[in-house]
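Letters A, B, C and D name the chains as they come in the text, with residue numbers starting at 1 for each one.
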Amino acid sequence: MIALMNSGAFSAENLDQIFVLAKHALLARTPGMLQPLASAIISIVPLMIVFPLLFAITTILERKGLGRMQNRYGPNRVGPFGLLQPAADGIKALIKEDVVPAAADQLVHFFAPVVFVAAAFLGYSVLPIGRNMVLVNLNAGVLFFFAVGSVVELSVFMAGWSSRSKYSLLGAMRAIAQMISYEVPLVLAAVPAIMAAGSLSTVDIVEAQAGYTGIFPHWFLFTPWGIVGFGLFLIAATAESNRSPFDLPEGESEIIAGYFIEYSGFKFALFFLAEYLGMFATSALGITLFLGGWSAPLSFLSFIPSWIWFFTKLLALIFFFIWIRGTLPRLRMDQLMGFAWKFILPMALLNVFVTGLWRFLPAGPLNSIRWAVCAAVLAAPCIVLSQSLKQKKKLLLRTYHFAE
Amino acid sequence: MSTLTLPTPLTTSPEPGHEERLLEVSMGPQHPSTHGVFRMNVVLDGERVVRLKPVFGYLHRNHEKIAENETYLGSMPYTDRLDYICSLTNNWGYALAVEQLAGITVPERAEYLRVITAELTRLLNHACLLGFLLQDMGASGTPLMYAFREREKILDLFEALTGARMMCNYMRFGGCRVDTPAGWLDQARKVVADFPKFLDEFEKLLVSNEILMERTQGVGVLSRELAIASAISGPMARASGLNYDIRKVDNYGIYSRFSFRVPLGSHGDVYDRYMIRFLEMRESLKILNEALRDIPAGPIIDPKSKPRGFRPKPGEHYGRIEAPKGELGFYLISDGSPNPYRYRVRPPSLINLTVLEDLCLGHNVADVVVILGSVDIVLGEVDR
Amino acid sequence: MIGNGILKGLTETARNFFGSYVSKDRLTTVQYPEQKIPQIEASRNFPFLVYDGADWDAGMRCVACQICEKECPPKCIFIEKSKDKKPDAVGKAQFYPARFDIDISVCMSCQICVEVCPFDAIKMDVEFDLPTDNRFSGLLLDRHKLAKSNDYYHQIHPTEASAVDAALAEERAKTAAKAAAAPPVAAAAAKPAAPATAATATSAAPQPAAASTPKPAEGDAK
Amino acid sequence: MDLTAIQSELEKSIPGCRLEIVPNPAPAAQHSLVVDADHAVLVATYLRDFLHFDYCSNVTGVDFLPKELSEKIKVKKTVDGPNGPEEKEVDEVRKTTIPGYLEVVYHLFSTTNRTGPLPLRLRTPNRDLTRESLTLPSLTPVWRSCEFQEREVYDLFGIHFDGHPDLRRLLMWDEFTDHPMRRDYVDPDDYEYEPTAHDEVLARHRAHYSTGAGPAFPEGGGQ
């Protein structure tokens, strides 16, 4: 291993594959019989370390980002520029007393966060973090991801109901309604990418987006249905991970903290960890489907290792979520459901149709016509919707008369 | 002869067969968005409010009984604690009532200082309220921090003038306690000059925001007749179209010299109350610019007046001003002794809360919080 | 179009976010306790007793007239008048407070005591971090803890302190002039009055007319 | 529309109502109108509908204790002087007690013709604290704004408003029995309170905790 290092093989190729090579080197040492187990452990352990670390970094990024948006510094007391703040939060979560309400159903109350975190981690097995750095190359990777994603609702309901408190029940009901109603558009927003790539496996989808014309990559984002698909996917992802305009389940100002109101200490921290892991997982899937996974945004930049591109895109999406959280007020429950079923879902279905249209229209020189047709088909409902809102006198800026 | 239009709280739920599933939730007194220790007994059918009974008294200190055992001057610092966000307008209300009771005149410069400090307090209160209203809706802190940034500038002005940021105790019967220190008026002009920048920033940030419009338009509608019947005052009444601004009705102080207009809403919902306060801030800026431009020199209190031994002649008087939250009235009965015989504060917040149940029936929990935010209550004034 | 309200909002927060790295005035918070917001001159917190000269006990201006105790709205001042008398700044024999307590857990810093004090003996301090470990005696400041020198007063409220000193100096000059102008009358009045003062503690009556009686409020003293 | 005109119009249109004008010596001269209890709702409705007083902004309770007035009057009395009984001027102190009463004052405004406050006073017959002598008609059916304010007057003064939709205590907690704003209210001594530097408070504190069970408070404050 060391020999390999200082043999000057520091070409881009090796740097890119450094983790894979390290794994093979390690595997070469383990006795034959243990190898499958060892290979699994060597792949899983870094995942279990990297993403919780990313969770720690995101908490500090979020608080400093929100602070900067609000004309203040954000935490800068613990460590240089406040970078040790997540460590402080972690220790605090460990030390805090774990209060379990007397009326709570002990077993279910205990297992809810465990199920939540397990489900969140399972989603990472199919996500390609770098060139041939995917844990399991399932040929139905996306399907597996969504299947695991729906376990999260179960744990939310376990938490909400088992705490036997009014507010947590209200929060759980809201969370379930919201997650189910945004699961469908999330899947439908992913379907166009699968259609274009022709396979459910995440690695194939990334492969389908490889290659550059001139310096621009072939990401699915740069197609009309890709832009709309990515937009819908982001909205559904925000709702899926209970993030800001859709953070009704833990609407602080109304029902205080939703389903995890009766949790404290480390279980409360586990809920937060699982929520952030869920956010990373769905945005990672969004990167895989629309932003070309680990491929470099411009052709001449591809000497930088693939996993660095993956994490920069992930951090960009995280900043987008923080930015949204700092600005937008919360939607009400019925509006949220109406928005999901009456706007996002039809758009997603239309988007699937447009992908099909895109697939069979001639590419080649007539590409611009194809672009125009698809863009028109997708833009039409938005314009119709905003006109109808105007006729129904909703969401109008009002003029006020003044009395002397 | 319209009979009593009480809201008909449904003890049974609208959909048959839901009765046993009514959920009685008590929101408050420790609730993040009740603006103080205020409790609401809310009966929910699912998410919809079926019955709502406010509960008061958690901050009741019987301010009126204390005032009966204090001299007139002794009660002045207590008026800061009524509506603790706008202490200067409370002072002015009390001073005005006592001056009208005892027939004291106020010199010119003091009148200008009173208008300036009152309008600055109105800016401060409306900016805070818009920040709280959006905080209740979930915009996590950003609008509130912008509002508080502006509020800090105004509070520094108050500290430089009266010595305290919130507990100013600045007005005396017949004028003000202390004159403006050097450079205060220029600093005030600078704060007023770059306040519109904050208003534009706020307008861009939130006024045309679709989510906000969706959450507030058509929510908690208050009809003009109910507003008059329940003596609703302040921006909440003007949002329902009731043209009743006490600065224009009573013309107290020197408000008749300033050209400002009174914005009126037409729908009377939360969005209108929110926008009326927004437009009122722009009107207050006009008053402030005029007042700061032509404030005369001169005494701020008639020099012969002594701080102690103030005994108004027997009689009674109800004086009122347009506080940022509504009509703040002081009813004083004097029997010639240094202590008032009866001292009554007419709290705009408490009376504006009379219609809270009417506004909230039929809406759901998230709206109750937003409607309560738009009523703009402060518990120091509600419970006295 | 449907979404532009939200987009405008987002651009606003983005401007504030990136602006905070560019222009410092966007960051309004101060890193307390390392950095402190400059003290605003007129700000007030709890009262303190002013004394002239070096010795806090002898130079204390307060003459225990107990007006502030009567006028204090929350009744948090507690004075016990001294039996004997000590010469004040002008040299005239005056009472002094044997015990002067302010319960700052009750005091609401409304500065009415400053306003009604005829001797400018009590002024408002600016010090606000006064943590103590005992809720009762810790927050009950007695005479010694309350006394602070006149130049400390000049330090915290320069303009106000100089105005007060000017008024006091001018008043002392007036009394000194009057005392000089009418020495014979005072001498005559002083002889018969001398034996009388020995016994009676309340010394209001026989003082020579030229005594520096401050504003008529003195008359109401108990 | 000055007060006498209002009074005459009311007496003309509501037969049998007893109205009386109470002069107010304050410079702003807000004279008030006293209405007898049984015609109050009729008068109020008339004021609201025909005289446009549609904005009842303030409801206040006031408590007047019975007052003894002792005045010296010259009276002729036969007194046996040195030479037999004779008439003599002697001043004699005569105590007359003015009966006390509880009173509710409604300040009415008009939003249409923007006229000033018209204080409307309702008085209880006397001040002995029996249930029927302390009941007054509630004006909440006429002006909705009186709902909370009348509850507050009930809470702090003990005046019972019949016809009020939901008469409960507004500010004090429900188990509280007394009415704190009455002039003869004695505040209870049983709640634990902050010992402060003032002697009478200290004395009460020591008396209260005479059994030594009180908080460990050093003797005589922070000497």
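Note that a contact is a pair of C-beta atoms (placed from the backbone, for glycine too) under 8 Å apart; a residue touches a chain by one contact, two chains touch by 3 or more.
Model, not experiment: these values are computed from the prediction.
Using the mean of the Cα atoms as each chain's centre, the chain most removed from chain C is A.
Remark: the per-chain Cα centre closest to the mean position of all protein Cα atoms belongs to B. Between A-B and B-C, more C-beta contact pairs join the chains of A-B.
Look at where the CA atoms of chain A average out and do the same for chain B: the two points lie 44 Å apart. Separation between the centroids of chain A and chain D, computed from CA atoms only, is 67 Å.
As a whole-number value, the distance joining the C-alpha centres of chain C and chain D reads 41 Å. Note: centroid distance chain B to chain C, computed from Cα atoms, is 33 Å.
Within chain C, contacts with two or more other chains are made by residues 2, 6, 9, 12-13, 16, 28. Listed for chain D are no residues, as none touches two or more other chains. Residue positions of chain A with contacts to 2 or more other chains are 69-72, 326-328, 395. Against chain B, the residues of chain A that register as touching in their complex are 66, 69-72, 166-167, 170, 244-245, 247-248, 251-256, 325-335, 394-398, 400-404.
Chain C meets chain B in the complex at residues 2-6, 8-9, 11-13, 16, 28, 40-44, 67, 71, 73, 108-112, 115-116, 124, 159, 217, 220.
The part of chain B that touches chain D in the complex is made up of residues 1, 3-6, 56-57, 60, 62, 64-65, 100-103, 226, 228-233, 242, 244, 249, 313-320, 327, 329, 331, 333-334, 342, 344, 346, 350-351, 353-355, 383-384. Of all the residues in chain B, the ones that touch chain C in their complex are 70-71, 73-78, 80, 142, 146, 149, 152, 156, 159-164, 167, 169, 177-178, 181-182, 201, 204-213, 306-309. Contacts from chain D toward chain B in the complex involve residues 24-28, 30, 45, 49, 54-58, 60, 62, 105, 107, 111, 114, 117, 119, 140-141, 143-145, 147-149, 156, 165, 169-173, 180-181.
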